[in-house]
Amino acid sequence: MLYRENGQFKTSYAADQQIFPIAQDRIAIGLVLLVAFVVMPLAGSEYLFRAVLIPFMILALAALGLNILVGYCGQISLGTGAFMAVGAYAAYNFLVRIDGMPLIVAMLLGGLSATVVGVLFGIPSLRIKGLYLAVATLAAQFFTDWAFLRVSWFTNNSTSGSVSVAGLNVFGLPIESPVAKYLFCLTVVCVFALAAKNLTRSATGRQWMAIRDMDVAAAVIGIRPVYAKLTAFAVSSFIVGVAGVLWAFVHLGAWEPAAFSIDRSFQLLFMVIIGGLGSIMGAFFGAAFIVVLPIILDQVPHWFGIPLSTATTSHLVHMIFGALIVFFLIAEPHGLAKLWSIGKQKLRLWPFPH
Amino acid sequence: MMNDMPQAVQAQEQAQGNGRRIGDVVLDLQNISLSFGGVKALTNISFNVREHEIRSIIGPNGAGKSSMLNVINGVYHPQEGRILFRGEERRKMEPHRAAAQGIARTFQNIALFKGMSVLDNIMTGRNLKMKSGLLANALYWGRAQREEIEHRVKVEEVIDFLEIQDIRKTPVGALPYGLQKRVELGRALAAEPSLLLLDEPMAGMNVEEKQDMCRFILDVNDQFGTTIVLIEHDMGVVMDISDRVVVLDYGKKIGDGVPEEVRANEDVIRAYLGTSH
Amino acid sequence: MGFFLETLFGGLMAGMLYSLIALGFVLIYKASGVFNFAQGAMVLFAALAMARFAEWIPKWLGFDNLVVANLLAFVVAMALMVVLAWLIERLCLSRLVNQEGITLLMATLGISYFLDGLGQTLFGNDIYSINVGMPKDPAMILEGTFEGGLLISKEDLVAALISAALVLALALFFQKTATGRALRAVADDHQAAQSIGIPLNRIWVIVWSVAGFAALVAGIIWGSKLGVQFSLSLVALKALPVVILGGLTSVPGAILGGLIIGVGEKLSEIYLGSFFGGGIEIWFAYVLALGFLLVRPQGLFGEKIIDRV
Amino acid sequence: QQANEQFFPLLVYRTGAYAPNGTPWANGKQDYVKYINATGGINGVKIAWEECETGYATDKGVECYERLKSKKSTVIDPQATGITFALTDKAPVDKIPLITLGYGLAASQDGGVFKWNFPLMGSYWTAADILIQHLGKKEGGLDKLKGKKIALVYHDSPFGKEPIPLLQKRAQMHGFELVLLPVTAPGVEQKATWLQVRQQRPDYTLLWGWGVMNSTALKEAVATGYPREKLFGVWWSGAEPDVKDVGANAKGYSALALNPHGTDSPLIKDILKKVHDAGNGSGPRDEVGSVLYMRGLLIQMLATEAVRTAQEKFGKGKVMTGEQVRWGLENLNVDEKRIGELGLAGLIRPIKTSCTDHMGSSAARIHSWDGTTWKMQADWYEADKSVVDPLVKEAADKYATDKQIKRRDASDCAA
Amino acid sequence: MNTSNLLLNVNGIEVIYNHVALVLKGVSLQVPEGRIVAILGGNGAGKTTTLRAVSNLLKGERGEVTKGTIELDGERVESLSPSDLVRRGVVQVMEGRHCFAHLTIEENLLAGSYTRKDKGEIAANLDKVYTYFPRLKTRRTSQAAYTSGGEQQMCAIGRALMSNPRMVLLDEPSMGLAPQIVEEVFEIVKDLNVKEKVSFLLAEQNTMVALRYSDFGYIVENGRIVMEGEAKSLADNEDVKEFYLGLSGEGRKSFRDVKHYRRRKRWLS
């Protein structure tokens, strides 16, 4: 019975309202942060950073943003790629057009631009619901895809429509080496995860969830649907926009609109669902599942020296990946985060089964 | 209006007998008509609610009781009629505005927020009273945190009052029906409403649980002076705890008065109560 | 004027082809409340099966007759789709009874990954052709009235007619039969449907088989148009605005939605595109759908979204 | 791999939307590696290789790159424009050269700015230039293009947009009208585009597509009755998968041929013998010699030649580092003699790169589809330097300013 | 109880939700052919869960029977699908109505006859339901979602009757119904029981009515059967009287007075 909350009495509401009220959880998260910030930079390989951890972090951040909208506020969106793109291209323009623009400021401005566009495309949500809204947000996706290709002003008149950034630095520290990039992303992700957690456990978060669970009832107890939905769109697209900036600037370095195509939107939605709707942790689980799992599956035959052709491997990976999605959904329809919490609950009862 | 007078006086007398004071009309509904497409849910209905009273609405299934509540708090907009709340005429109004004016309610088919814990559900009831903004909440520092704790204290009072301390952190979806109803009442109470609308709060409960619920309703009415509009099918409950009763049938008002009066009303017996009860 | 009419016809026929794909979505949604993300993958899978069997069967059996080969391939491919439907029900849906729509959507994504992998493993990933004798060359009509005549693509015309017939048949099936009613009941409430004895597993096998049939027909028509290759699964994206414009639950909606989107996007591309630099039809289709939704949030013929307290 | 092997990471796509095009390309690359190993390696140095599936997706491509680069990668052919963009930034840091034969950034021809990029044998600009030259020749002189209307049906992406500046420049020079008709990716629906072609009745139409867009374009051309003889594709629109499914209906369509195809050359005969007959072939035997197979083969051949060149300077029989191979790529000199030795006599033109010219040659021919096979035409074209070079310079300079890169000076070149 | 003509025999079942929550802890009960048996008990006692276990609807709630057996006519039925059970004549009316929101009332009813193939029989059943519930007839063309709570309850019961069941599992039929209708519904139950020999297993909160109409009763608390007996004897039991019927020595207490009594009790403790 290592994992217990019995005996941990709270003597103030402040203590009860901590993010992790259970001591073991606090220790665990402390350890995770320690590993992430200290051990990893010392021990991780370049491949791990560049090909696994950095994309994982950034997509987890985007999934986090999307989860606010879908998981917490119940508005399904398939325009996430678009908001990432808006963030990336806006930050790019701020960076190249304004001399001496610091990266962090450009990143935040990118996020803000995404917010504006997000709120704009969020307005239909006041009328349109569910899958109808989801498909309607595709309008944002296709429109931005098109706009960033067509309006050459956005790409600083690059002939091909692809753009790139260079010489990133934060407070004079260059963000060039994989470790620096990793730590930068990690920090941003931690800050936003904390902010998101705070939002979701405060009045704002409760408004979103109320709208999600039953919007008519929410209105009746005095929640303004307009305000709740639009703030969710705003916060979500801000975070997604920042993730877009990181994806473009830090991960890719040079990109074309296809980097934020509809596939990205779908991918992020899947992360959110498989990870667990309405869970901050879920965004990380989901990103790990969708980003990291295929990479691992891809390499399994290599480890065992099984001679499979690239095509066969890749088809098998597809099939196994698909099967795993179904498997985990059957095991727990509410996502990996729920599976995790059921696991903890069992641990709590352990060694008794019920 | 005129023929309401004797009832009101009577009710007042009776209420005083119970050690309470019934005040002026807070809510006045005049000639309300509401229809959906071809279905006439309410036809030309007038009645009022006085400060501090427990006003019941009864009637057969489909009579329009729930629709009436929906009209009062702005979910439905009647095609005809006037609604005066605290003397002011109300035009088309959104539900959240009604909430802001101090009208809270519970629902017939439980409308709790299924994905949230009991505590969070009740906390949403205090939404209108929480003022800190998005940024403050994101930082969760200073004012936002203070506010959160202040309101938590209030909510804990409600939780104590309803005796649901031990399910605080449970997700409401997993609770049995009766407790869900209680939580829903808690959510409405957390808003410290001046007018509380209850739509069949005791459906699906056994006697013991109904007794508890009655106690809560009476205490709210008594301690906080909350005016209550109650829909309920259990005649025992209605007759015992209400000050005045309106009876609807097929969208029409067929009776209005103190419980004894209504119980004796021929139309009401025929349409609703059936043979003696 | 002649050109306008050509565009209009072109749009109508493209729209019918979208309807055909949209139909698959609508069928499954209507009958089980699942937004079938795997529809595109099913179209591809069916088309691959059709194309490859039409090529293999004559080799295996040693004959050389295109019509017979196509017929046999169709039968085999259809059988495959039924098996697939059965497997999907057995291994996936039956274990997800009563779950929320979004979970089921996710499951269909898993199915779609699986089918992508399976299809390419079984049938290869090259380009294959389906030759069911669709006429390829254009026809010119009304050459007297308009200068240069009006150009009509015969292939599109045939395809549009087939689509229309199929859609019509299915619309009748849903509205008029007891099974149709049961399907709609299942979509509303899995648990309640079960409680009154509607066998969910059988219903789902039927629906997915019918959707498989629609996918096969769509796969053949689009496959003979585009060639059978992976990109075929992407035509599903063209059907999405059609589905929501017409209403997720409405078979006739799929037709009308298709026609509106088809005509709308072609006219916009040709008459407005030049002001924007072209390439606007894809987002225009979605914006058009969005516009309609703002007026009718449940699509043209969709069932009204009910929220009552 | 062993320490004395030269490692080639092979980024490929054998699945997904572009698999029909990616597969022969990948097989070509692989077969050439096997062929070199079968014939004793590069001066005795055997080649190790590993494939990584990108599915044409940029992030997968980056992952592959990162995974394989740690194995001391020699040179990379990203096989996709998007992946090239992302790797262009990383290559200088990791010191791995990129070969983008016939694709990628046109401006990267300028080695002064793009030290690690090698768009060998052609870029989208040389391609566009050659196509216009060919049309001019058909008309009997570039000046005859005056007043003509030329449409560009292009994939709406950086890939498709790249030729536009050059075509606009040519349009200005010769006074023809350029009509731009973008096709939204992936290009499965082109009805509106071809109705516009029918309405505008251009004298010629250039096709700039990839994957399913090409065959769909041809089918729509058939369906709207646009003469295939007036339709000219870039070299990414001129392979078997693009026309196979259209068959006889595509007869008359022409496209640029960046590389030869067919099985007649000594090289291919040798590969069939030493690789395929040895049961070691990467793909089906009848795919050998197809257009994209040959392109993959050629890319790998030039990469191998770069290693060979580098060995001349840094030590024969040694494993070359990425930096050394880069030098080799920059000092490539595949002359007629060497071409003969390679077994491709008369099929490709000499390639000679330099510090400033990372392309080495812009020669290309035209081939036409006769309903069953691609028929090569005799004439060789070369891009007009006076047209292309200023554009390259301008774009490269802009890139350098954006990226804060200093143009390489003579000393850097000498190193 | 006479076990010779047992229709349903539930023997010591345990039910777990979500692999963690043990809700039924060994429940056994019997329904003889042609009887009305009531399960009574407070909120969350496990009444609904018991019914779901019988009709095999637990799966959709992520619950499972982990111990015990369920027999219908002496035959184990745990592995049958709900629809097989309906074909064998066991149909459940779910708690909270669950009408098909988008279908009209009449379509809802017809959907209930899915397992019946004979057109004449279906039409007769429909007529029967309409005579039992005339209110439904007037609302037959409106979508179920737009009918009142009581109308939906009638629709749900009527829908179950459309399958010509031998045994109906009724979950809280009285909930939300006007008193008159409650009586009517129970009269209908009795009627069906007497005339058509339909057996009923009903879960109820409304103990008063339930005991009046049923033959036998079980009281469930906290996942266990705590008391069972003939309905009459249960109704006379002092504990049952106090806790389930709200009757104390001198008859029914006013809800208003209970308040003061209760409150005093709380202060004392």
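Here are some notes:
Each chain gets a letter, A, B, C, D and E, in the order it is written, and its residues are counted from 1.
Convention: contacts are C-beta pairs under 8 Å (C-beta built on N, C-alpha and C of every residue); 3 or more make two chains touch, one makes a residue touch a chain.
None of the values given here were measured: they were computed from a predicted structure.
Chains that count as touching both chain A and chain D, per the definition above, are C. Geometrically, the chain at the heart of the complex, using CA-atom means, is A. Remark: chain C and chain E have CA centroids separated by 44 Å (rounded to whole angstrom). Chain A and chain E, compared by their mean Cα positions, are separated by 46 Å. Averaged C-alpha coordinates give centres for chain C and chain D that are 37 Å from one another.
Rounded to whole angstrom, the centroid-to-centroid distance between chain D and chain E, based on C-alpha atoms, equals 74 Å. Multi-chain contact residues, meaning those touching two or more other chains, occur in chain E at positions 21, 146. Of all residues in chain B, those that touch two or more other chains are 75, 107-109, 111.
For chain D, residues touching at least two other chains, in rising order: 14-15, 19, 23, 156, 182, 184. Taken together, the chain A residues at the contact with chain E in this complex read 342, 345-346, 349, 354. Touching chain A in their complex are the following residues of chain B: 73, 75, 94-96, 98-100, 104-105, 107, 111-116, 120, 123-128, 130, 132, 134, 137-140, 144-145, 147-149, 152-153, 156, 187-188, 191.
The residues of chain A lying in touch with chain B in their complex are 13-14, 16-17, 195-196, 198-199, 201-207, 209-210, 212-214, 216-225, 231, 234-235, 278. Residues of chain A touching chain C in their complex: 76, 124, 127-132, 135-136, 138-139, 142-143, 145-146, 149-150, 214-217, 220, 262, 266, 270, 273-274, 277, 311-312, 314-326, 329-330, 333-334. Of all the residues in chain E, the ones that touch chain A in their complex are 16, 18-22.
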